[in-house]
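Note that the chains take the letters A, B, C and D in the order they are written out, and that residue 1 is the start of every chain.
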Amino acid sequence: MLTIRRLSIEDARTLIAGARAKAEEIGVPMCIAIADESGQLIAFERMDGGKITSTIIAQDKAYTAAGAKRTTESYGSASQPGSPAYGINSAIGGRLMVVAGGLPVIVDGDVVGAIGLSSGTPAQDTQCAQAGIDHFLASRA
Amino acid sequence: MLTIRRLSIEDARTLIAGARAKAEEIGVPMCIAIADESGQLIAFERMDGGKITSTIIAQDKAYTAAGAKRTTESYGSASQPGSPAYGINSAIGGRLMVVAGGLPVIVDGDVVGAIGLSSGTPAQDTQCAQAGIDHFLASRA
Amino acid sequence: MLTIRRLSIEDARTLIAGARAKAEEIGVPMCIAIADESGQLIAFERMDGGKITSTIIAQDKAYTAAGAKRTTESYGSASQPGSPAYGINSAIGGRLMVVAGGLPVIVDGDVVGAIGLSSGTPAQDTQCAQAGIDHFLASRA
Amino acid sequence: MLTIRRLSIEDARTLIAGARAKAEEIGVPMCIAIADESGQLIAFERMDGGKITSTIIAQDKAYTAAGAKRTTESYGSASQPGSPAYGINSAIGGRLMVVAGGLPVIVDGDVVGAIGLSSGTPAQDTQCAQAGIDHFLASRA
């Protein structure tokens, strides 16, 4: 039997709060998704004005970051033409996201879930996702 | 009427054992899938720590290698921008994998099934898939 | 943060062994799937002669039993015409199975995974799934 | 290693010819699909006037009859409300057909493929599917 650590809904709210604060600060309404360590959705918020397409993309970024235990951005470089993971972006029915904005949430070395943002530029999505994680880790300190 | 040779479940277990031994040796927990010559799943194991996204990807690598009778890696080069199979990675709902790690299992010149690995780098996935085939072929000698 | 207990690959093998022994005893080649507590596949075996359609159905029975923390058979009665869950069989792209043969695996009151069988009658599928659980629990005693 | 017997494309043409002759005789333009023993398509013909929806349904009837080694009609009765396979019609993304018109093709006790018809009433579909099998078996005598 294995013992797994996983984000709670309270943790998910904290992650969203941190990401949302940054999104408001930069003035970009975001879709924010939190997945557990198995890639299953725990919480989701679409800020007023967040993009419809991003409701799916944010979830899939969180799914990918949790399931593959790496940032979606890292897949972006690994899947460029000529690179080893080229073509992986269409895997799992297209759910495997290689666009930046999905980050695993790591506690004591374990991936316990992930956060996925979408609606801004990939750089903005990543910035807000990181802000969510920073806020979450600070709340645990 | 055609006569087809196909991996048995016993063969599938042997293939998995060989791949798993190599995965343990290199210290990368893998998802390992064995498909029959029609691409249908015969056996699957997710080693403790194998990636969630890889549960699907390993199966689809085995499906692709069996169904197309070639390595998924060969599709990787054939599907680069400007190459004839460009864009084929999203075919069949994204099941057609062009990332290395899926190998057909060939006996006496016939494709009798395939093995698909995922969770490591594509090179590690291929290394462990090949180890599975080597172990299987050695067991038949 | 939550702490979750989950079947290991070793546990999954034990579950499969118990189910397979019963399947051999009753002479029905089965597809046997083990999912973790999040419904993600851990291990799968299609016995020689197991049905092709059952490769999917067995996995989806395990997914349903783990994810919904109940037997697929219980959904069968709850989804009869006029019953509250009528029509739920087509939910999640048809993955939610209401045919008997999927059982949650429960340890100390926690659902730690599930087993799904398919290829026989629903009663046979359930019988073999239960045999898998009995064998697993006995191995822990 | 297993040895499997499977319909050839020549066999598939013979099955279609027999089904088409009956469809012409009863004046119902049909969609006719032949699958191998793994449920994969070997041949397909839509007679002029055959229904568009039936291009999919005929294939799925053949897939189901081959994969589950039984007539789709038998699933129709087994999946009535209150019966053990109730709700199975939505399995495998809805590909599992429980409407009559899909028959396994059996040679010397082995399922070597299947034929699926659609466009008429289920009774007409079955009649023409059976005519295809009769013609095929007669051609082998």
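Methods note: a residue touches a chain if its C-beta (ideal position, glycine included) is under 8 Å from a C-beta of that chain, and two chains touch if they have at least 3 such contacts.
Since the structure is predicted, the reported quantities are computational estimates derived from the model, not experimental observations.
Under the contact definition stated at the top, the chains bordering both chain B and chain D are C.
Residue numbering shows that chain C and chain D use the same positions for less than half of their mutual interface. Taking the mean of the C-alpha atoms as each chain's centre, chain C and chain D sit 29 Å apart. With centres set at the average Cα position, the gap from chain A to chain D is 45 Å.
Distance between chain centres (mean CA atoms), chain B to chain C: 25 Å. Residue positions 8, 38, 40, 48, 52 of chain B each touch two or more of the other chains. Under the contact rule defined at the top, the touching pairs of chains are A-B, A-C, B-C, B-D, C-D. Note for the complex: chain C touches chain B at residues 8-9, 12, 40-48, 52, 55. Residues of chain B touching chain D in their complex: 1-8, 11, 36, 38-40, 107, 112. Those residues of chain B that touch chain A in the complex are listed here as 48, 51-54, 56-57, 60, 75-76, 79-81, 89-90, 93-94, 97-100, 121-123.
Interface of chain D with chain C (complex): residues 2, 38-39, 63-64, 66-69, 81-82, 84-94, 96.
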